[in-house]
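Should a chain be cited, it is by its letter among A, B, C and D, assigned in written order, with residues numbered from 1 in that chain.
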């Protein structure tokens, strides 16, 4: 049974004489794309979200730009990190996904990475920072996903009382800054290829599919599969990051 | 009467056979420089703080770099601003000084600037944003100094309840990111000139002075004056920013 | 038969009690790595060159950073492009490989791309620029690989006489600027993964192999294969760029 | 006597019912502004040129942005500089003025600065580079103004024959890249202030003047003076740069 909203959307598209749609976006947009497709509209989806949590594409449009903005912030923080009882925290975007935090933390050499997929306690974070300084590190940098239980807002009260964990935390919250900026070469090339791929899929007669980037190639996957699957974060990357930070 | 800390500092310097010092920093550092100078150490101060609130220098080392980092964040936020009931907020550094917030807001075309030197209420901020959208603006951007009574932390509760002020706020808190980054040309040239100026002042026999940049030239001012004065923000610049945002 | 240089290299390594090597570099370095490997030294290669012309890795360390620097230059040039009888040219690195020029040109929306793998005449370049303006484009931008027969130096004389081709050319030659700069997130993550991959390959007992990135995964290939193959540029990408520039 | 071009310009402005003009530009534009002013059009000039060679303003709109782009290139080159018999050269804009080259060279710590206002021979440049390496420097970097007699094009043949001067030169020619890019905070604030200053001057009834930045303040100067004066480069800055590079 079709929902009222979808029925209205279809009618509006017909009135505007729009006979098909290429829908660029993440999980929410592609769920909508699938609904319109089932309602009879010729639809092609293009994989685009900075969270990189959309099944059907190894990497999605926007991730590389957001990642480089986060990394730039981390690089700048490292310049100022010096006090032995101070931790620097960067909160990056990601309501349900720790992908950006994980990759920014790995690329930026963070001492701790806090993501929804594997939470750690404030006490454990303080331990990691203490141990980083003990091993001669010049900074103690934590990257946190906004969607982590212990995000910047929730970690603040633990660290306000310096005597408690022995550490003062200075937070940077990037917020929507990560969505702006000039797109990187990778993102422009990915968008170009997926865009061309969407047109080619249309011409080939494919409908109700997502155009994504799989194993270094443009590939299409049925939207019916995409909306039913869940793309999980590869936590072995977190293991690697933790190993390298030691 | 000399304080114990200063006496100890002097003794340590003597032990290390340090016979003079060039002290680079803001109000706190220059107060220390003045104390050491009064205690007999040959001292020259160099004006450096990102807050630009040090008397004896029109502009201080670090301001230009911090300002450009804030502006870059503002530029990126503007790309993503689109929803008519959303405000974007950037909190920049400045515990007691609104200089960075004011200049970043003016250069970035902010709709509202909130600084310790002239506070405004959350209701007034919501009015400004509403009126910006009414006049056809594509974004409603607020720049806030961390030291303002209504900084990011304190504004959040007002805007969480969207029904109250009719606006949702998305915050970016830059924090120490503004202290890092490659220094701009302006800051390197200023540091070069003040550094050369400090050496030249030493050679000329000047002691207990601050080397600063006044009216486009290197000038020295007695530290005794510097520590007794207060550098006030030129609020006519805020008037100009408000006029231009309309 | 071993060359004198390799024998000397081996002896020096022995004297320094170096019992193995991880060699990071492109075709030249990996040829050396292969020679040392055949001479008995345990060797692992890691794929790194900004030219992206090394067999055994889809993409190599350094490419993404160099590409983004070229793209940034292209973006800046587009801001200044305005005159209808002026062409802007950017020469990017690549002595034998047009990869950087091709990808920078595609990502940056160049009107013409000149690479060693498919040369075009100055007359054809002028035609493309003329036609771009005729179609209402605001700029005529050419990206040239330094190794192209018609690189910046050789194109200059054709365009100096404006009456001849009807176009004035303003050239930017990036040169070694592309080798510097803070590495991008992609390059740091690739370097991290290939580095970890090299250690793991060593531990597994692999010798004389190149660690590269194939189909989105770390893979090893025998150096004997790598040095005998040639990695050709995918010229269908150039076709795509030409189609998109119209 | 009025020139035909000016008469035509005035007539066109009248036809379009344009009763006055604010003319933003450098020496050429302000000469035109002066001519229009003498012909009876109410005119205000605003000081803008990346060459910083316009009398009536200590610094002009565009200089700071161009300078930071040049400095970024220098920073990137320094990362790659390593070979002891290699010199890296950056050619920056400036047909008649060495201002950008001088300031970029000073801020970037160049070993040699070549400008039209004080030329040096290729042999002297090679000597400076040799001596830099002898003193333990890690790079030999030269900044050249495009308008210098020994610019990138003319220096190339001297250094091609490595045996002659003992040095290989790798050149980066920035070209119009320096005119693009997001304007820096300084440039936006300067443009804002001079723009507001131009309106205020108009309202005050001033005509035929240039609005510039003198001693840290907006000031106006008669265009009749501006077009008759010559703004000379302060060569003591070059002396300072040379002293600091040793």
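List of remarks:
Operating definition for what follows: a contact is a pair of C-beta atoms (placed from the backbone, for glycine too) under 8 Å apart; a residue touches a chain by one contact, two chains touch by 3 or more.
Nothing here was measured: the structure is a model prediction, and the numbers come from that model.
Ranked by separation of Cα centres from chain B, the top chain is C. As for how the two copies chain C and chain D face one another, over half of their interface residue numbers coincide. Taking the mean of the C-alpha atoms as each chain's centre, chain A and chain D sit 43 Å apart. Here the CA centre of chain C is 33 Å from the CA centre of chain D.
Centroids built from CA atoms put chain C at 29 Å from chain A. Looking at chain C, one finds that residues 75 touch two or more other chains.
Applying the touch definition to all chain combinations yields A-B, A-C, B-D, C-D. Residues of chain D that touch chain B in their complex: 58, 64, 67-68, 70-72, 75, 103-104, 106-108, 182, 184-186, 188-189, 192, 196, 214-216, 240, 244. Every residue of chain B that touches chain A in the complex is listed here, in rising order: 69, 73, 75-81, 88, 170-181.
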